[in-house]
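Structure in structure tokens, see below.
A, B and C label the chains in the order they appear, each numbered from 1.
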């Protein structure tokens, strides 16, 4: 490749990288920009006068903490239910032969394509009738609607990799099926289960549509909904909004990056 | 307990919870939505009245449904096209071993992990007419004389929304395409070079055919997803200005929660569902998922 | 401690309708106490399915399995007093070697101290004492298989089942492990039922071997009998390397009696075989390569040309093409003076000539003397 081509490619690559990274950079920068500076455009691309004032204001002067707790409860609930349902289903679907598996496969994948908006309106009506709006249970169930199909598929694929001979070895050693599931299968499926947990968390934590439509009581807002309402409320206090944006984004990042290593190493020792 | 009964208990016990959830929280609402479209139900009146196809007649007569449908199509094609283009170009640029590759890969997965709220907010802040840094830079470099109201301008709103979706999902497309690129046997390129193919020809004859499936899968799945997208668009424009970005999902939302006519909203949702069905049928015809299933014992 | 294993009319079908596979057909046999019994045969012959039915991992479509006087057909594997070693080793990847070996005893509820004691004893027998704290991923293939064997023998089972345990190992390791397993058989008092596709393993380790093909047992006999008196062509060509030469021949009457005519020469048949050959015109003749002798070409010898010579060290495998185009394999001394292309004569002793019915493939004569 000629020198010119190489320079051009590099230049293009830089443009792409900047395009991808810039919004993050600006988000972070704005979040630590002192309030006064935000009212005096034009802005510098780089500054040294960091201030955590926005974060302080966010945490103590708004209901951010409450929204955080709501989001956390919903996410944890989604994780627990998803892991149980998906792991059991994945095991049953791979280990047993029975009619209707094709339908199950289609049905699962198809429901994965259901758009949240499509389900939110009926759920709104149903939950209103059942007095389940503005509850944690309702929200957790709604979140399962978007994450469970993918998780079932994940665990289904994953259990196919766990060799049946491992369980047979346990059975011929005297273990019952239940014992072999618990002692042999589950530990081997740990990376899959972790993936399910991560997906469930991310989909629940990031959801706006369901939380927006189902939770109308301010006290039950989750972070995304709360965030959206900030803008309406605060007018243009972008420093605090960006600080909130940073805090809302961080948990998912952390989860993915720390568990990514664990996931990979789990796959290696399974040999 | 006999062996067969125990086996049946196991099959039931393991698949029932998931099945139950799926039916109750995914399929039931959809079925309810479709059936609701044949009734008149508003938020004011708790009773429902059968009206047959009247709801459909109403929304089909009004141009709003068709405009919303059209806007959904424009948005979908634009967003998916942008994601594929950005994804392809970026993946090709990244397809060489260099030291920071893992770091760059981690960077590219970030936009996908962000909540749509955050994306919407950042994309409101960046190009904001009064305080946004994008306008600032555009004016400083003399590209424009006055700040551009990206999301507020009639001509620019849809493009701005498409651009936002392109940023949010394009980088993930990059990763998918890159993974596929890196799995192409390098010997194929060597064989092409030895047969006299230049860079462009090699791209056409080796790279593209191998990427075809990946690109189609991304296009289909993302297409379905973009067609039905609600949150990002609503958050940045609320469907405005003057409904310029009111796609089908936003239209349905407006019918349900601003005009409080659930029957009509359900009809709009059913239209969305029919489109989804068409997309799903195409996807399943092309990629049979049952091939990946093995039957146990 | 051990008991006999009896299979009665064991039958297994998989699938349905047009895609049904009849894996095991009406198999009846008895395996004695403390035997080392091997099922051998090509892939798909039903040997693994049979073993799995003995283990209880597959339910027979018909027939019964008896352990001693007990009908175990309806019992799940947990309740049969068996242990099994698997082809893909199947060690629990997240447990240590100690935990893997001790697993059956922990399931049985033995107290920790006792388990440890037994684990250490078994580990010592298998040379694994210094590996107890390691995980399977850190061990070599041979070590892993030994751990799997340890896990199997620790519960002192009455029947030890082994499903191609050595096929995942490399050639040299296989030879080592064969000796290990034989030693094991001497030390523990269990019946060992072994499955392999490698006839060398079967021949060197077993007290009796069942040669299987297409779901049926063709012959069940001690190794030497299988070699010397194969019941049919399939057994004859499966046992022994290189495979036995099978050549078409005709039965002819000569002035001195009956003879077999093949490759242009006549081999007289002793009178005691006349009854077996009565009424037959075409037959298949079998001669093991080791029994084929290369000699100088001469008038009353089968003539041919050396087509290919493959050196094996002290011996060579020689392919001879006879005058009518048939290729005969021989195993000879390395430097016997007949290089490739040389003209050569073939000879073999009458008692090395086997005759098979060319339609039913069953053996008619083991040697024509």
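Observations on the model:
By definition in this document, a residue touches a chain if its C-beta (ideal position, glycine included) is under 8 Å from a C-beta of that chain, and two chains touch if they have at least 3 such contacts.
Just so you know, these numbers come straight off a predicted model, no measurement behind them.
Taking the mean of each chain's C-alpha atoms, the chain closest to the overall C-alpha centroid is A. By number of C-beta pairs in contact, A-B leads over the other of A-B and A-C. Computed from the mean C-alpha positions, the centre of subunit B lies at a distance of 59 Å from the centre of subunit C.
Distance from the subunit A centre to the subunit B centre is 17 Å, each centre being the mean of its Cα atoms.
The centroid of the Cα atoms in subunit A and the matching centroid in subunit C are 56 Å apart. Contact of a single residue of subunit B with at least two other chains is seen at positions 297. Shared interface positions of subunit A, i.e. residues touching 2 or more other chains, are not present. Shown for subunit C are the residues that touch two or more other chains, namely 76. Listing the residues of subunit C that touch subunit A in their complex gives 55, 57, 76-78, 82-84, 86-88, 90-94, 103-104, 107-108, 135-137, 148, 151-152, 155, 161. Across the interface of their complex, subunit C is touched by residues 163, 165-166, 168-176, 179, 183-184, 187-188, 190, 268-271 of subunit A. Residues 9, 12-13, 16-17, 19-21, 23-24, 26-27, 30, 38, 41-43, 45, 81, 84-86, 88-89, 91-98, 101-102, 104-111, 113-119, 121-126, 141-142, 144-145, 148-149, 152, 156-157, 160, 164, 177, 202, 205-209, 212-213, 223-225, 227-228, 231, 236, 238, 241-242, 245, 248-249, 252-253, 256-257 of subunit A are the ones touching subunit B in the complex. Contact residues of subunit B toward subunit A in the complex are 7, 10-11, 13-15, 17-19, 21-22, 24-30, 32-33, 36, 41, 86, 89-90, 93-94, 104, 106-111, 113-118, 120-126, 128, 130-131, 133, 136, 140, 167, 171, 221, 224-225, 227-231, 235, 249, 252-253, 256-257, 262, 265-266, 269, 272-273, 276, 279-280, 284, 289-290, 292-297.
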